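Each of the next two complexes has chain A plus one other chain: chain B in the first, chain C in the second.
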Partner chain A sequence: MHFNPALLFDYWPLLLQGAWLTVQVSAFALVIGYAAGVAVAMFALMPGWLPRLAAGLYIETLRNIPFIILIFVVYYGLPFSGIRLPATVAGTLALALFVSAYYAEIVRAAILALPRGQFESARAIGMSPVQAMRHVVAPQILRALVPPSTNMTLTMMKESAVLSSITVPELTYQSLVVQGNTFAPFEVFAAVASIYWLIAIVIAEFSRRLERRVGAAQIESINRNPIAERYLSLVARRA
Partner chain B sequence: MGFKLAYLLSILPNLVSAAAVNIRLALAIMLLALALGTALTVVRSLKIVAVNAVIAVVISFVRGTPLLIQIFIAYYVLPAVGLDLSPEVAGVSAIAFNSMVFVSESMRGGLATIDPGQIEASTALGLPPRAIWLKVVLPQLFRRIVPVLINEATIVVKGTALLSVITVVEVLRRAQQIASTSYRPFETMIGAALVFLVINLVISLSGKVAEARFARARI
Partner chain C sequence: MTAPPVLRVSALTKCFFGTAAVDDLYLDVHEGEIVALIGPSGCGKSTLLRCLTWLEQPDDGFIEVTGKPFGRELTNGGVVRRHSRREIDALRPKIGIVFQQFNLWPHMTALENVVCPQVVVLGRPRVEAVRRGEEQLARLGLAERMDRHPRALSGGQQQRVAIARALAMDPALMLFDEPTSALDPELVGEVLSVLRSLAEVGMTMLVVTHEIGFAANVADRIAFMDRGRILEEGPAHDIIAAPREPRLRNFLDLVLANRPHAIPGTRINKTE
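On to the complex of A and B.
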């Protein structure tokens, strides 16, 4: 058994193409999934049992079935209801659907961790529920959201490897193609694993910066808040 | 071509019988992951710099690459270095290795919550390190990570579905075989999803019961 990376020389473009598609698919799933996740979290927090039950069913179902099966359900289910989509689009939607359940849980937990009085006071001074969410709740939960969300995004990016099973030409699919052409599993999977690893490290680093920025921005926004400033200056004057 | 509930019901027994494979494999994986994860935690706690550096790289690798790729590595690469494993064994080792890392990481988190005074007291009493681990630290650690282990068990069960890609005949593979003869993939896949849903809900619910009992035992 010799390790000969030169074998892969002709195949690097193919692998990089696959990696680029993996990044694209994950990015789209992140955006769509987060939007859906926030919507589901709002449902879960609504008063009344019906929206809460619906959101609970959505979250529990998606969290308890393997993603590889979800992908097949979406892939075969869409044509069933008359919608024909290319595998890449269907795969991205399935990935977004999968990750939305986890994002919903993250958002819900972050909002529940905030003292209830925050929302209630905002309502009491005449804000609508949407205004209260946007101006009072959202800025405060932002910092709590970043670490679990980036963690989940990392998991989602890794799960996108499963898209290879419905012939989406992303990194894992290309690795199987290259493996079929070269019969050099060691080299191929070493290369592919390294690419995934690299993407993961980049996401982790990005999240660390985002965390620092959001944390800093939040402290700044508290300082810059006119009401807080007035209060702080009053305190200062009294002392 | 409408959704045929009768067809879905007719294939369920077949899928449920295949679920025995998933449950058996998941059980083996969890036992391995727990044993290896514990061993890894103990080794890491010895704080040997070189060993821990290697372990840190391995952990970063396992957490940074997809489980599917790790399964392919076990299935395609290990034979090339002379370890010819059956699909089942290759798959179980890959998932167990992956799970071991996550178990060990959560044990490390649990370790931080154990009062160092207990270990100082045990040392003062003259307990050998082995006894400190087995009688003082680990029993508490296991109780603390029960929720994590339950969660990990559902992840492992979901992971066994990936073994279909390396030809292990489990629920998903059986579903694909059924779908290829009946041309009804949608109902078949919904059936497979239901099987996993039931298994994982049972695990989560029994986990809640176990947690409640452990919580009571702690008081």
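On to the complex of A and C.
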């Protein structure tokens, strides 16, 4: 047997098409999933047991079933409630549902890590919960959110490979097609692995930039040495 | 008819798991008055302050701020009506609170800490909010520190930013939670002078404190709290010189045994 990547020559467009769909599906799942995740996190933090219970059920349900089963349930379950969606849409929704549970946990943990007094002082001065979240809590947790969210986004992008099992023509699905036509599995999957790798690298680089940008204001104040600052301010007062 | 007290607390009760932290408590604070609330740890002082800002929801009782009911009210039909979140938030700026740990927002500069709530809560135009913020900060001696972030300020400066933040909302009443406890002992005098300067412009204040000497120095009236109730209250002088309640006497003995020069009754001369 010889390693012969030239076999793939005719199939590049198919693979690229699949890669593009993978990117699109992941991007939609990221946006929808994050919005849902933030909403669920807010529910989880509301006073009272009912919203907390609802959020807990949501998170635990989605975290505790295998992703492929979740896809099947969404794809084959929706028609029962009279909703017939194309595989790609159903798959994207399933993917969004799946990540939203994890995003919710990330957001919830970041908010809980902030001292409670921050939210309370905003409330005590008259801000509504939404205003307090927006002006006081959110700016302080954005930077902390980026690394774990990136991790989850990378995982989610890779999990999108499972959508091939409900015939969504994304990268993995196309690779199976190409493999069937060429009978050269190693060449095909090596190529597909590199494409996934490339997409992941791009996401990681994007997140690095985002982290730098979001954190710009905070880095400025963190980089200053607080002890030195305090010393200088005390000296300045004496003078 | 005389004006209603700035703060009127009646029959306030707050239980934690069956234990009353605040137990059927009554307290009036009149305009321009400084009332110090003293008492042993765990007597419910901080819980009371949290109830007064509705951060903790009292189980029973009523709070009135400048005659307006806050949180719940007794309607004409004798039915207790709970206020909506919006109604509560609308009255909250009237009650300024300075927390023990100040709780400044670290991602904003000192000035922005003071400006942001004015714009967000009161809807003031930014220009006006900035003008008022600068005015308040300058009055508290922070003119040179406005563009610093809280972490670049000393404890005393942070506290004054927190005071400015509350004052900029035009409160009718200021609450202070242990204003001396998070600061170096040498700064206590500074806090005292800040509170005195607020008193000069007629601000009404309720100060929760452990430091009996501080209470004696700053307050017109002292209220002694124990087990969720106010056991004794009266002019600062009388309370310390001639406590009637045995528990207050005990408390004073204990505090004074530790720091014999904390309350030199003779050295306090508020009239001078």
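Structure notes:
FYI, the second predicted complex is superposed on the first by the 216 of 239 C-alpha atoms of A that agree within 3 Å, B and C clash if a C-alpha of one lies under 4 Å from a C-alpha of the other, contacts with A are read in each partner's own complex, and residues count from 1 in each chain.
Just so it is clear, a contact is a pair of C-beta atoms (placed from the backbone, for glycine too) under 8 Å apart; a residue touches a chain by one contact, two chains touch by 3 or more.
In this text the structure is predicted, and so the values were computed from the model without any measurement.
Shared-chain residue A:Thr153: touches no atom of chain B or chain C. Of the two partner chains placed by superposition, only chain B is touched by A:Thr61; chain C is not.
In the overlay built on the shared chain, the residue A:Gln174 is in contact with neither chain B nor chain C. By the touch criterion defined above, A:Gly77 lies against chain B but remains apart from chain C after alignment on the C-alpha atoms of chain A. Once the two complexes are overlaid on the shared chain, A:Thr88 sits clear of chain B and of chain C alike. Of the two partner chains placed around the shared chain by superposition, neither chain B nor chain C is touched by A:Ser26.
In the overlay built on the shared chain, the residue A:Arg123 is in contact with chain C alone; chain B does not reach it.
No residue of chain A touches both chain B in one complex and chain C in the other. On the side of chain B, the complex with chain A involves touching residues 1, 3, 60-61, 63-70, 72-73, 76-77, 80-82, 154, 157-159, 161-162, 164-165, 172, 175, 179, 185-186, 189-190, 192-193, 196-197, 200-201, 204.
Residues of chain A touching chain C in their complex: 115, 117-118, 120-129, 131, 135-136, 139-140, 217-218, 221, 224, 226, 229-230, 233-234, 236-237. Chain A meets chain B in the complex at residues 1, 60-61, 64-70, 72-73, 76-77, 80, 154, 158-162, 164-165, 172, 175-176, 179, 185-186, 189, 192-193, 196-197, 200-201. Partner chain A is touched in their complex by these residues of chain C: 53, 55, 85-86, 89-90, 92-93, 95-97, 99, 101, 103-107, 116-117, 120-122, 144-145, 148-149, 151-154, 157, 165-166, 169.
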